[in-house]
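Order of writing sets the chain letters: A, B, C, D, E and F. Residues in each chain are counted from 1.
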Amino acid sequence: MMILFWASLVLIVVSMAIILYRLIKGPTAPDRVIALDAMGVTLISVVGLLSILVGTRFFLEVILLLAILSFLGTVAFSKFIEKGEVFDRGDSD
Amino acid sequence: MEILINILVAVPLIVGVVFTLVTAIGLNRFPDPYTRAHAASKSSTVGVLGILLSVFLHFWLIEGHFSPRILLGILFLFITAPVGAHMMGRAAYFSGVKPSELTVKDELGEDIRRHEGK
Amino acid sequence: MRSSDVIIQTTTKVVFYIIFLFAIHIFFAGHYTPGGGFVGGLLTASAIVLLLLAFDIRTVKKALPINYTVLIATGLVLALGTASASILFNVPFFTHAYDYFTLPLFGETSLHSAMLFDLGVYLVVVGATMNIILSIGSDD
Amino acid sequence: MINLLLFPVLIPFLTAMILMFFPKRVSAQRTVTVIGMIASVISSAILLYTVMRDGVQAVTLGSWPAPFGITMVSDPLSAGLVLTSNLITLAIVFYSFRSIGAGREKHFYYPAMMFMLTGVNGAFTTGDIFNLFVFFEVLLMASYVLIVLGGEKRQLRESIKYILVNIVSSAFFVTTVAMLYSVTGTLNMADIAAKVSEIGQSGILTVIAVMLILVFGLKGAIFPLYFWLPSSYAAPPVPVLALFGALLTKVGVYAIMRTVTLLFPHDPGFTHEMLMILSILTVVAGCIGALAYFDLKQIVIYNIIIAVGVILFGVSQMNMAGLEGAVFYLIHDMFIKAGLFMLIGVIIAITGTSNLREMGGLLKTYPALAWTWLVAAFGLAGIPPLSGFFGKLLITQGAFEAGNLWGGIIILASSLIVLLSVIRIFIHAFWGEPKPVKGTSKQIYRGLFVPAALITALTVFYGVGTEWLRPVMFDAAEILHQPSIYIDAVLKE
Amino acid sequence: MSVIIGFLFMAAVYLILSRSLIRVVIGTGLLSHGAHLLILTMGGFSGSAPPVLEDSVTDFVDPLPQALILTAIVISFGVTAVFLVMAYRAYQELETDNMTLLKGNDEHD
Amino acid sequence: MISVLLLFAPVVAALFVPLLASRLRGIHTGWFVLAVPVLLFIYYLGFLPQVKDGGVHIGELSWIPSYGISLTSYIDGLSLLFSLLITGIGALVVLYSIFYLDKTKERLGNFYVYLLMFMTAMLGVVQSDNMIALYGFWELTSISSFLLIGYWYTRDGSRFGALKSMMITVFGGLMMLGGFVLLYIMGGTFSVRELASMAPELAEHSLFTWALVLLLLGAFTKSAQFPFYIWLPDAMEAPTPVSAYLHSATMVKAGLYLVARFTPIFAASEIWVWLVTSIGVLTLFWGSFFAVKQTDLKGILAFSTVSQLGLIMSLLGASAAAFHVEGAAETMFKYAGFAAIFHLVNHAAFKGSLFMVAGIVDHETGTRDIRKLGGLMALMPVTFTIALIGSLSMAGLPPFGGFLSKELFLTGMLSLGELDLFAPASWGTVLLIVAWIASVFTFIYSFYFVFRTFTGKHKPDLLPKSAHEAPAGMLISPAVLGLIVVAIFFVPNFIGDWIVKPAVAAVQPFMYGSPADVDVHVAAWHGHVTPELMMTIGIVITGLVLYWLLPKWQGGYRAFPEYLTLNKLYDSSMIFAESGMNRLSRSYMNGLIRSYLIYMFAGIVIIVLGSMFVKDAFAVSFEGTAPIGPAEIGLLTVLVGSVLTTLVARKRLTAILALGAAGYVVALLFVIFKAPDLALTQLVIETVSVALYLLAFYHLPKLSRHDEKRKFRVGNAIIAAGVGLMMALLAMSAASQKALPSISQFYKDTVYSEAGGGNIVNVILVDYRGFDTLFEIAVLSIAAIGILGMIKLRLTRKGDQHEKQ
């Protein structure tokens, strides 16, 4: 059973590497953000698997956290790319 | 019983891993950000859901630890993944990235034009 | 057209509470499981950042009328105050007091003055992070 | 009151917090700051008295046994330095009223100052090496704020360099602490010292000692790490400059003193020789700079570097005379630098420039300023009975006793360069034909001059009243010389 | 692990020495990563469980370096924020992000 | 005790001077000041009988007993002699200054404050037994001299001269302090008396010669000996009373005093004898030779002073030689010491009067340029008389005091010729010849001074003022001194017994037990023709001839190249100190943070790697290193990849994403290494940081490489590689050499039972090491307020336009 987990981990790391390639290559900024988002999601998987492998439940917090942050990052980057700034000031319109 | 549990844990895991791999491949193979976003959001969400489910089951069934956080995480991902994809698509569109030549229809563009035409 | 992010705004209203609750949870769990004032504070700040992302600065300021500088100061005073209580008893600074209680529903818990200190940390982190982000964000 | 030694750290800290509640009310800011500072000065005076009466004070926070909690230790050296810092800051607070401007006062000038004092006092008092790092960060962060506050072009330009250098040095600092922890398994300085003498100062420990010297040297501006200092210090307004010049580098120097005397005194043939060579090079480099510029600020800033070299030279001798001289000179230099910078501020306020070539003949219009400057200048150069003399005397004596004749002579000769550099200011600014100056109102002049003169008077007292201060210096040097006193005070509670 | 730390430091220093302000800022970010990993390394890697009490686990990893890193992380976050703002304020006022043009004259300017 | 306090009487009096100067404008402040030296002079006269019999007076005021520093008033023959000179001439100078300085035009307050300060300083120098106090007063004389020379501070020459004299004398003082410290280390006391009593042991000490040389540096600079004399001519920018007082009669003699005072300690050293004597003779020659070149009256006197100081110095050296001669008190050697002191008194008298004369000439004619002067004899007969007395005494002619001391000087030099101590006997002969030549030049410049000014053709049109005799008040002081000069010739032994002999006994305690033992009788005519008399006659004849021919050869001085002079050396070193240092400093302090960082990194790397190498600190052990599994390898690859991306990124967004990715990988590493708290914090912080970057990017430009040259990048890469290598080696070595177990075990043991927590890391943060956390959040708070301040407060916009960039 452990082998299965290890194998899954390796495969996921491989997919991470592929995503990383997209992250590095681009070619456009949105591409990179998409890659980053995918990266975040894969990271969640990695952490999940790792917590099984390490054998502790204390990393389960990390999963939710990652989900939150990944979402946050995606939104922030998207807005940055779309508008060049992250927050609307609220006084311009 | 043991085998059953193992299978219960393994199946979502395998599904998840496969989807994740598919995501990665898709991300590299698709021609433009819009299609890539599609790959990233849909298949990767399924992928991570599978894996998380497996992790949840592992902890619940094997280590006897019921973790509501994972369920919460799954829920969270379910809510946010589409929104994220939407944002990225918008971002790509408004930052002026040209869709691939294979694109059939630009509905948003039509909408905008109609909006401005009014 | 561009500013009406209906989808994100709707989502945010839900997600904000999830994050906030999670932050509180992590803050309280800190003494026994991973977490604590820092992470809790930062997560809370993230939740507010999400609001900022979805709405705009003025709206958020109106919804959460907090002076973050004062929040920082309050947090600092709380943290220092907790630590300084020991001075009154003439024991070394920072000596904490705690006791274990058995409360209904929660089982065995402890009431710990370190918790109060951690609350100070939490407030400072929220205040400082938001202060920084808002300062930069509202600069033009 | 076992927590007495914390008061000089916590009172400014609390003051800063309180100040953050009402940043825009200038008069309230001033009042609270002054009250806080006075309380802090009083507490540190009581602390010094207690330390002198009862010996080294140590408290391990949180009631944990010594190496496990954070220990704060107050020996005569640190108590003396704390009192000095408090006095100087108090004077600079008064000085700021008339010079810093309402803009800065409304934007956290005083809280930043108080935070910085917290950091400085904490760094002087702490007995835990990682805690030292934290206090360094507190004072550095506050100094970043102070150096950039106002956002003038020059400030921003130099702040970038300042912060960059300090980020690098902090990174090195924290890694070095980690390595030290890896080897000795502890963070308490007394405990480290005990363990190092137990297991012997192996090669790696010596290298770590060298790293520590360099890291602190970066803050303390020794050769070859001083390059960032002159232009960075010249950027902020004068009160901030005075604060930096008096306190910041001295924290680095203090840390080096602790490192080489308490933690790693077992391989003097290597570490102390190296420190000596570096300190002499520092003196030389400082002398070059002090002569090279015709700018008031630059001249005195380079004198900081010279002083750092002199103090560390005294430390590197590792005998009673050298150490006592170093302690003496350290405190002297804090006072005198504060005084000099404040006086420079007065001159700049009057003339509207810091370029020596554009001023002259002030002796006629501002005689009191001229004489105060002259006294301060001679104090800096170590003309007896002013404050710089006894430190230098003892340092020279230490050098000669240790057989470093040329080193001692170089230190003496450096006094000449120091004198030349500051007398040049006197000759150009106060002598010569009066030149048209901007002038300043009487009120501002008085507001600036009085604190400066008071600090200068204090240095005169410091020199003339050496006999009363001597027990402090002696005890401080003795603890540096025999770290076992310090170690026992911390570990055998 | 040490090699990776060395690599991080190398990259950080290289970036810090470069001419673009943004690259310098990024360099400091890498520098702090390197420092944190180094602290972690110094704690050693023995121990099989996170330093959180759990029934039947006795073999914890060293918790102290972790606490130190935590402190260091927060501090470097603060420093990064200040540096970043300083950088962009400097850019606003001085209108360049070229470190070479940020030289300035030491003497009365 | 009283005598110590009286040392400070002038300074205390000086406190009231500004008040008097401003309140009582009608009366010249000098009249009040005059009381101080007069009263002190009378006070010191009271010690004469006691001291004549070999008694000493010691007053002591403890100052810093723990360092063995006290203020003393030690009055023996030597210090009494000097005290009388200081107060006596001081009184005359003050009197003179009352007429010399105009009460309406000058800032008299300052002048008299400096003068009184100097008086205290000088009294302190000669009466201090404690070397530290001595040093203090010594520097005070330099300072007051600086202020007095710079009294007319709007003149360039005054400022230049003031700085020059201060630099040189303070330098000497510092070196002297070094010598004092060495003596203290050798003898364990700062008291000169006690040191003198242990002189033989000191001579054995290895540091003895160092102390000697350092101390002599002090004496030579102060007494304007070769090559340090160059400050003295420039010091003539001071008002003439000051020149008369400081730069001829008293301050410059402090160096002589020092040598005399330490002769009992250092006489045992042959280096001392030869160094003092030969430098003295060299100075004597040099000063007299160049005095003839001068055209400024005060310049002549300045060089003459240099020369005369050299003379006394050489005599003091010769007097130390007596230590090495068996039964010296019976031979010619006894004359040197006596001659030194005797001439010192003489010189003070005639040189003082000559300076005052020069001042009168200056005051009444408006110039001191000897080329413009001439024929003043008829206009200023009294002044001429005084000048003649002084000059002839200086030239060593009877019937003036100078004749006697010149005779004694020649005796002293002759005795050296017989000394075959540690050097070939011919050496002494060389000195004798040089001394003789110098005396010839002395003769010439004395004549030159007086006759060029007062005889010859009067050139009224060259003079700024029409010359006439000075007011009577101004003539009093020089006249008194002139009378003394004459008196010394006629009653030399009165002065000899009362003043000189006690002083000689103090200088040469190894020869005399008490002043009465000093068996020297001074006479103008010894009843037979002595070699000294022959030499004097030779001097006069040669001198007269050369003076006659002066216009023929004076131009020869101009052949002496200017760029070889010591003045030039000083000037160029000062220029180097300013512009040279400036250029030097600018060459590396170029304002580029990159350069600074490169110096720093290079310094750190070299020093640390060097230490590692020297101390053999490198070690690797794979025990306890990180377990390397596939996950680790994968993560590290990702880490390396993202770091490389930051290095090569061309767009800032890419760089930031890569940095974020690196941060996330670090977080994952924390997961692998079982640090959940860290992982959580790192993740959130990283995200927030990235958000901050994005926020800040709104204000920042696009990433640009600013065309970094290849060389630039290679340089960076080398430094970077060095730092990387250093850190890697350090980390490896430190991790491999864990000498002791960590203190963490304690935390593991007590976390639940005593701290009441479960998460050790968090408990450390809030409890064990909560103090760190308290200040860590303080850091965060400061950052927050700092950023707020930075953004909200922009002073540039309001003004501050003086910066052009």
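A few points about this structure:
Basically, a contact is a pair of C-beta atoms (placed from the backbone, for glycine too) under 8 Å apart; a residue touches a chain by one contact, two chains touch by 3 or more.
Values in this document were obtained by computation on a predicted structure and should not be read as measured data.
Steps from chain A to chain D, taking the shortest chain of touch contacts, total 2. Taking C-F and D-E together, the chain pair joined by more C-beta contacts is C-F. Each chain's centre was taken as the mean of its CA atoms, and the one lying most distant from chain D is B. Put simply, the chain nearest the middle, going by average C-alpha positions, is D. When chain centres are defined as mean Cα coordinates, F lies farthest from chain C. The distance from the centre of chain B to the centre of chain D, with each centre set as the mean of the Cα atoms, comes to 58 Å. Chain geometry summary: the mean Cα position of chain A and that of chain E are 22 Å apart. Centre to centre, using the average C-alpha position, chain B and chain C are separated by 31 Å. Each chain gets one centre point, the mean of its Cα atoms, and the points for chain A and chain B are 11 Å apart.
The residues of chain C that reach two or more other chains are 2, 8, 15, 18, 22, 26, 32-35, 38-39, 43, 46, 49, 69, 72-73, 76, 80, 93-94, 96, 125, 128, 132, 135-137, listed in rising order. The set of chain E residues that touch two or more partner chains comprises 16, 21, 34, 38, 41-44, 49-50, 52-53, 64, 70-71, 74-75, 78-79, 81-82, 84-87, 89, 93-94, 102, 104, 106, 109.
Those residues of chain D in touch with two or more other chains are numbered 13, 20, 23, 61-62, 69, 72, 130, 134, 137, 141, 144-145, 148, 151-154, 157, 160-161, 164, 168, 175, 178-179, 181-182, 187, 230-231, 293-294.
Here the chains touching each other pair up as A-B, A-C, A-E, A-F, B-C, C-D, C-E, C-F, D-E, D-F, E-F.
If you check the complex, the residues on chain C that touch chain F are 26, 30-39, 42-43, 45-46, 49, 68-69, 72-73, 75-76, 79-80, 83, 93-94, 96, 98-100, 110, 112, 114, 117-118, 120-121, 124-125, 127-129, 131-133, 135-137, 139. Residues of chain C that touch chain B in their complex: 1-2, 7-8, 11, 14-15, 18, 22. Contact residues of chain E toward chain F in the complex are 1-23, 25-26, 29-30, 33-34, 36-38, 40-53, 60-64, 66-67, 69-71, 73-75, 77-82, 84-89, 91-94, 97-100, 102-106, 109.
Residue ranges of chain A in contact with chain C, taken from their complex: 58-59, 61, 64-65, 68-69, 71-72, 75-76, 79, 82-83, 86-91, 93. Residues 72, 75-76, 79-80, 83, 86-87, 94, 112, 115 of chain B are the ones touching chain C in the complex.
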